[in-house]
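Worksheet for the structure shown next.
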Amino acid sequence: MNHLITAIVFLPMVAAIVIMMTKVVRNHNEKVIAIAIGASFLTFLGALGLVVVFDSDHHGMQLVTSVEWVSVLNIYYKVGVDGISLCLVVLTAFLGALAIYFSQDHRKNLKYFLALILMLESGTMGVFVAMDSILFYVFWELMLIPTYFLIGIWGEGNKVYATTKFVIYTLVGSLLMLIGLIWVTMVHYDLTQTLTFDIPTLLQTQIPADIQLYMFLFFFLAFAVKLPIFPFHSWLPHAYVSCPIPVLILMTGAMSKAGAYGLIRFCLPLFPEAIADWGLWIATAAAGGIVYGAWIAMMQRDLKALVAYSSISHLGLIALGIFAFNGQGIEGSVLQMVNHGIIASALFIIVGILEKRLRTRNLDQIRGMKTQMPVLYGIFMLITLAALGMPGLNGFVGEFLILMGVWGSHLLDGMAGLLVLAAGLGIVFASVYMLFMFQGTMQEPLEPKFDDVKDLNWKELNLLIPACILVVAIGLYPKPVIDRVSPAVDHMLHMEKKFKAFGADSGLGGGH
Amino acid sequence: MMEFLDQLWSLNLDRETVFGLFEQGLVFAIGMTAILASLGVILCATPIYSALYLIVNMMCLALLFLLYNAEFLAAVQVIVYAGAVMILFLFIIALLGAKKEKRDLSFQNLAGLGFVGLLFCELLMSMMVGETKPVEGRVTLEVVQQVGSAKAIGIELFSHHIIPFELASLLLLVAVVGIISLAKFSNKQLRKRTRF
Amino acid sequence: MYSLSWLILFLPMAGFLGLAWFGRYIPRSVGGWFACATVGGAFVVTLLQLVQLYAENPADRLNHVLTLYPWIVSEGFSLNVSILVDPLSVFMLLVVTGVGFLIHVYSIGYMHDDPEYLRFFSYMNLFIFAMSLLVLAADFFFLIVGWALVGLASYLLIGFWTDKKSAVLAARKAFVMNVIGDVGMVIAAFMIFEHFGTLNYVEVFKAAPTTFSSNDDGILLITFLLLVGAFAKSAQIPLHTWLPDAMEGPTPVSALIHAATMVTAGVYLIARCNALYMMAPFTMYLIAAVGLLTALFAGSIAMVQYDIKRVIAYSTMSQIGFMFLAVGVGVFSVAMFHLMTHAFFKALLFLGAGSVIHGMAGEQDIRKMGGLRFVMPVTFITFLIAALALSGFPLTAGFFSKEEIIMNAYHAEFGNFVYWGLAVIAVGMTGFYTFRMFFYTFMGNTRSPELRPHESPRVMTAPLMVLAGLSLAGGFLGPWTHDFLSPVFGGAVPVHHEDAMLEIIAVSAALGGIVVAVAIYMTGKGQLAFVKQMLAPLYELLFNKYFFDEIYDFLIVKPVKGIGQFMEERAEKGGIDFSVDEIGRQVREVSRGISMWQSGKVRMYALNMVAGMVTILLFVIFL
Amino acid sequence: MGSEFVLFVSATVFSIGALGFVIRKNPLVMFMSVELMLNAVNFLLVGYSSFLNSLDGQIFALIIMTVAAAEVVVGLAIILTIFRTRHELDVDHINILKG
């Protein structure tokens, strides 16, 4: 059991290497597909095993594996999970399996496509489990590289522009983060005379208030771009519209969560004072993003772009919850990350299915598919409702907790009402654009040219059914997720700083 | 060189000194010729003259090698450079036709002149440094004269510098392969790169 | 027995899930009756709860909370899924499941020919489930859950005929309006949590008098935000525009959701939170004022509409306005009483209208009807009873409840004479538009014989008859209602019979409305044209529903779209996206400048090398 | 003659070679200039080898000659190829490496 996490993280990567070395003759991809699906499902099973092994009463990192990596610099290969990363690892494994399962159809150079998706999955999970900051950074970049090729080679439309923009934008952020990581280590070294890149140890550092802001900015930019928080989102619509759908499942579902995860893991514990100064502004930007994304989503006619902008809106909500800086807000955010992963990926799958059938994604050209696709109609409706935050489905639980956190937040005290109102406006808009999308494609009389379209086949049903079950299950009984996240969040919020820069004058100890 | 002039002025002459002076004068003259020849290389408008001046320069250097007790290298210099390489140059000139080159005082040339002048001054400063390393070599003039320059070099080369020697052979092999591939496969039209 | 109350939720839910998942394997007839059986079962369980409540002392009837399972345990916030059984919820549930059951039975006949018969029933069951959840919720959170779920069911049922574009649009409008209300309620819930530290009804209401003093900012804001939800759900001004459009759905839906149950949820909410509202008299004035305004506003529009269902829809708004007036003046049990009688006669009216529409092959324009009294006798008589009850004809159900409201509008704690006067006008309007519709539909000669109207089958008329009976006799349940509900509202409602004059005026207003309708519509057509001409501008205004849709379109929809377009083009493409691209472009420009260095000319490179050499040597020599 | 003379000659020839490489446009002459520079260095090595009683310098020079020979051969082949494709030999016109 000690190496379960390592196994989960590296299984997709090994599979990717095996796939790349497998010879494919004339598009006979069966073997490759079998390997990919097998590996991704094993990974998912492993992640479920992780849930079983995980002790939900314990707040710290569990199942830690530590191997010396670069001994001169005290860099370790060190992985472990706490409640927050557990959720995200399971989500990533789940979405990875979905993505692989969805990419079976014919595609140029399929084996490389599958291999890169597996690499992406591996990198993303690595980010969530890494406990050494250099390892974290390595996984962070590993997550980026496959995406570059996936969008650039298999994308559509203006794919080179999109992928270049995405990669450069993200890379700028992550290089800043690298500087930040090293800087934190140096500060820690100054205080304790020990060189370490171990994240839990580094988080104990009380960083002097005067440099907190600059360091915070280094980290924040990386995460804000990845998430993305409102003004830093401009890569997202291009990348999402160009991105092939299977990749999009992982990108929107798991990769964007890496940004939020980074905010929770690094920014909140390390820079309480910078957040106390700037949290309100960031939360305002996030709330602005909620409204902004929703507003623009309402104007979209391209289904993929619509879901992309709706993602901006939803991710804004997640950011808002994080900067509420209290238990409900952050727990709601983590829950909402899981929810958004499920919902957005399901929406993208549906868009992909529609596009495959109808050869168009334009809302103006699709009408009345309900007549032809009753099963998809039902599923689409469920997902739509979850996306617009219908109570009883998962989207609502997260939104409710987040908004409740924001409302009660000390950090956002002055603006809480306005922020919640903005989020509320975003929810109202969400109902508008989701209904535009759902009703526009599914209802009204059928467009005659589509009268020979077939309903979902088993493969596609298999893709969507798990999402549907999760949407309902989390909505009705979110306690298991919250129970696992809650101790970690509490621990983080009430963390005692062991390594203090300036004696008793500790400033904001835990944020409350 | 200053030393030489001092000695010349002092006129403190005996047989040894005369021979020494003669040798020094010879060295000086050959050195100056080499410099003039190299000036000729770069100042002649027609490549063929440049090539001829280069031959002169190489011969001068070969003579200097001889005077500095490197008989083997002098021979190699004559054979390889003045023989093989320069013949190659002349062939190419014959093949391509030697056009006269227009000379102008462009910015490029002026800047080049300026920089090279600076470079020259800086290099000359090395003369002011004087002796930096005590003489401690074991292959003295006598030893070389005893065994002969070629043999001495051979012993040295194969005992101490065998790896560079082998690498040099490898380099020649690569060069051969390169030339063959250049001669055989490079007939495609070069593509003009577009700006983007 | 209280432990059985979860069955009220479970049965309709089971019906919904069963029909939704296995619908295609179930024969149509079985599925329909199955749906009815689940609702009937819920009704029986509710009756059991009623019996159980009666077995206890009035004071002990409150606060029976049944906890099902813990739902969320977060830092400082935990929530259980639980059910509250008390007189108010049982009373409301009786209406919901009872009327719901009758309408389910009716739907078997009405929807008989629809290809998606079972989908309809599954949605109806979903609605009953959601409404029961709303009523049974023991805290504000699940109230909101039920609140949103009834909105969902309403959306699904309004847009049931997905081939009809107008239905699809109406459904979307209803949903969005309700979401606005939901957001208001969610924020109210946050405020409640902030002030009370819990969302539990029992604790909140107990703590309310000590936490706030009367008309505190906090309590005003809470009650106001709750009210936003109530207005949206109950179609009060200014969030009413969805209700008339909602008539695009099948008629049983209109009867169940948009007349009897869901739209009255706002009244239920205020009655449920009476402990909070009693501490916020300002909000109470607002409620009463908006209720009255809506009653007048909707009544006046109903006077000129020609779509039979729209007339009833506006009438519903108007009647709910009366209920809001009642809660607004602080007589909650009177409001609940009117809610019940209204559920009876308005459901009956809708079902009768449905029967007419069914018989007229889908025709809804009352100008094309007429003379139906001979071909549809059962419908005719039941419709007449409903019309009388609606207009408050003496001794019908509507008479008792409405009289109580009108009397209390003057006499009650927050009542005054203006309320009374305006209410009387609204009552007059009610009589007029009800009988206008009635005369158009049933009297005179048939105007479109080619449709061959016919009476509806027994399965549809039977519920009509039951409801007609209730509409006639329901009025006598008044004292029982007040008695039963008094523990919840902290005491009985005083009965005011002392002002006989006021009562007579009110009754005569109702009768007067009927008489005017008779005068205009029964005695030849000359007067009608004359009156129309006389009041042409007013008629225009009313016929276009005070231009509310147009105003909203101009004030909200257009700006939202315009800003959206502006944001997409200017802010997104021209602003953020552009600036990011511009950074890239500038970097590229700079590097293009630098790349001049990279001229491709060997001599230039050589020169650079020499320069580099010079520089390095300089460093070597001088440093 | 002392080491100054060696330094002087090699520095001068080297500079002249560099100058030639910079100011001439004919690639053949430029190559010749390179040869000049190489030879200048060779002379320096040989001269100091004699002063220091060590053969290392000569061996170095020997290897430089080898390299120079290889370089000249390859370089001339490249010039020939360029001439075959472009029919001219002005280095200023050969700028496909332009960024």
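All chains are identified by letter, namely A, B, C and D, in their written order; residue positions are counted from 1 within each chain.
Simple rule for what comes next: a contact is a pair of C-beta atoms (placed from the backbone, for glycine too) under 8 Å apart; a residue touches a chain by one contact, two chains touch by 3 or more.
Keep in mind it's a predicted model, so treat the numbers as computed, not measured.
More C-beta pairs touch across one of A-C and B-D than the other; that pair is B-D. Among the chains, the centre nearest to the mean of all shown protein C-alpha atoms is found for A. Put simply, the C-alpha centre of subunit A and that of subunit C have 37 angstrom between them. Taking each chain's centre as the mean of its C-alpha atoms, subunit B lies 8 Å from subunit D.
Centroids built from CA atoms put subunit D at 60 Å from subunit A.
A straight line joining the Cα centres of subunit B and subunit C is 101 Å long. Contacts with at least two other chains are made by residues 603, 606-607, 610, 613 of subunit C.
Chain contacts: subunit B has residues 108, 112, 115-116, 119, 123 touching two or more partner chains.
Touching pairs of chains, sorted by label, consist of A-C, B-C, B-D, C-D. Listing the residues of subunit B that touch subunit C in their complex gives 108, 111-112, 115-116, 118-119, 122-123, 125.
Residues 1-9, 11-20, 22-26, 28-29, 31-33, 35-36, 39, 42-43, 46-47, 49-56, 58-59, 61-63, 65-74, 76-81, 83-86, 89, 96, 98 of subunit D are the ones touching subunit B in the complex.
Subunit D contributes residues 18, 21-25, 27, 30, 91-92, 94-99 to its touches with subunit C in the complex. Residue ranges on subunit C touching subunit D, taken from their complex, read 595, 597-603, 606-607, 610, 613.
Contacts from subunit C toward subunit B in the complex involve residues 603-604, 606-607, 610-611, 613-614, 617-618, 621.
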